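Heads up, the next two complexes both have subunit A, just with different partners, subunit B and then subunit C.
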Partner chain A sequence: MTDETNDKDGKKDDALRGKKNARWREDFPVEWERDNYVTRREMVKFLALGSFTIAGANAVVAAIPHVVKASESPRTKVALASSIPVGGSKLFAYPTEEDPCILIRQPNGDLVAYSQVCTHLSCAVVHSEKENALFCPCHHGYFTAGEGRPYAGPPSRPLPRIKLEQQGNEIFAIGVEV
Partner chain B sequence: MSSRQAQGTTLFTALLALVGIGVVVQLWLLTASVDALLRRETGTALHAALGSAIVFVINGLLVLYVFNFDRKIKQR
Partner chain C sequence: MNGADQLEFFIDHSRCIGCRACMQACEECDTHRGVSMIHLETISRADSVQTAPQVCMHCEDPICAQVCPADAIKKTADGIVQSSLKPRCIGCSNCVLACPFGVPKYKAEINQMMKCDMCYDRTSIGKRPMCATVCPSGALAFTTRENIERTRQGMAIRDWQFGGETVRTKINVLVPRHVQKIDVAFEQGGATGTDEYDVATLLLGD
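For the complex of A and B:
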């Protein structure tokens, strides 16, 4: 009974004060329009903060190659030098078992190794002895065997190169050049 | 609104536009440096980071200047 009386009184008050000064507005003083309103000052602060964030992100991107170089790579035996003839190739995994790589002996006798994952859409590249190139059969991308640089087809980035070290007849993978 | 306040409003609007342009330039530098990183060109990323830092300093100085201007008007 008392609640009903209070409700009625409240409605009467609202009616007396008019819609703009309704009683509930005292409890919820923020208006919808003001809630969405962004001042120039707030916008400038937001942009300055954004500027700081982007500058930080840029610094992180610039630091990535140095950090990656600094991190230690495992030293893994990948093949015997005598087992790869001129123009031949051998598959191995480095630095983990999930990272397929390819070792190639070039016509001049030099040994080079690359990640076998194509930089276009991650298909496995194969060695083409005839063209002395690495060929991606999925979209017909070609990489030079000497440097791993793309020269035909859709790939635009070179293959990550595997650093090699030869000790006697044994060949070791010692790092990845990103 | 006094002439000084009107001047302040114009200054804020101009600054907003300048800082906005600076942020767009920084975004461009960021995309360029990520692209360079993926192409293994470390030098480009370093220069982009330096450029971005300079733009940030300019933005920061502009914001500080206009907030100081605003404070002076309020003190009067």
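For the complex of A and C:
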């Protein structure tokens, strides 16, 4: 082999080596570890952008009630106060015809109303005068008549309460308190 | 049982009886059920019944990974060149063309390249690859170098010469004792290899 061909081969080898060590290869390494390596800067970028995103999302969620007006609850006449004796109850629908509710007069004379849909599996609750409670016959769930709070059986969430307003002898439902 | 890092893969082509048990075992694997990652090549089929199993050789400098434009082929620290990463592979077949052993295969149904990863789920915990567990003639063996040297006549080497390119693989092949390096002369432009046992010529005799 002559010197000339040696030189040529040498140059070729250098060129090949140069290609194999090209700078772009650093960004696309063949080794698994280097490919999965996360630099400190990348980590900090991720944390910072992630924090901003979460903070921004929170701000948007917090702003929604200020921007979007909640639809007005209808005002519906439910019953005449005189028609419900102490310990008595009356069924009605509020806010739509599809939402059954129950109005009860407690032993102290106060009127309270709740959604009639049990918070366990949506059976209809009934008023139990003897225990002064709302009773769900499906799985023997009990809610207090005063607050709608579950105290026995499977339900774990309280019944949505219906806000009432009395004008003279007439009782109106004016909103739902979840 | 020996540690996983002491075990090596050995191919003894002369022992292959062409039973295709390795292909069946490979197909059983849940990660690529029904598709065999090991290929069985026939050698000079008109004259011979000789076959040769071809698993991925796991090159030290994997050319398939070097040519991948999508950065989809990666080599793990233990020297295993993994199959293409599904989210990255663009199905360009560069690796299929570049691999000197013809290992990567492009699967059009999933538009992805799939190749042998030496049963990484098994070998990384010291179990033998599926093909090596079933090979009845010992053509595929996953064992220690010491064990191979003690039980086989040939010598295990892992250096290859493809034209001007030298390739060192993780997988060993058993060759006669005087061979130091497997020299594969590519047949180009209709010229035939001068060596009667040239691998490329023998494959073309198919």
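Everything that follows uses one rule, which is that the second predicted complex is superposed on the first by the 107 of 178 C-alpha atoms of A that agree within 3 Å, B and C clash if a C-alpha of one lies under 4 Å from a C-alpha of the other, contacts with A are read in each partner's own complex, and residues count from 1 in each chain.
Basically, a residue touches a chain if its C-beta (ideal position, glycine included) is under 8 Å from a C-beta of that chain, and two chains touch if they have at least 3 such contacts.
Quantities reported herein were computed from a predicted structural model and do not represent experimental measurements.
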Partner chain in contact with A:Ala55 - subunit B first, subunit C second, else both or neither: first
Partner chain in contact with A:Val38 - subunit B first, subunit C second, else both or neither: neither
Touching partner for A:Leu47 - first (subunit B), second (subunit C), both, neither: first
Partner chain in contact with A:Val67 - subunit B first, subunit C second, else both or neither: neither
More subunit A residues in contact - subunit B or subunit C: B
Touching partner for A:Phe28 - first (subunit B), second (subunit C), both, neither: second
Footprint of subunit C on subunit A - complex, ascending: 20, 28, 30-33, 35
Residues of subunit C touching subunit A in the complex: 61-62, 65-66, 71, 73-77, 82
Contact footprint of subunit A on subunit B as seen in their complex: 9, 12-13, 15-16, 19-20, 22-23, 26-27, 29-30, 33-34, 37-40, 42, 45-46, 48-49, 52-53, 55-56, 59-60, 63, 66, 70
Complex interface listing, subunit A residues touching subunit B: 40-41, 43-45, 47-48, 50-52, 54-55, 57-59, 61-62, 64-66, 156-158, 177-178
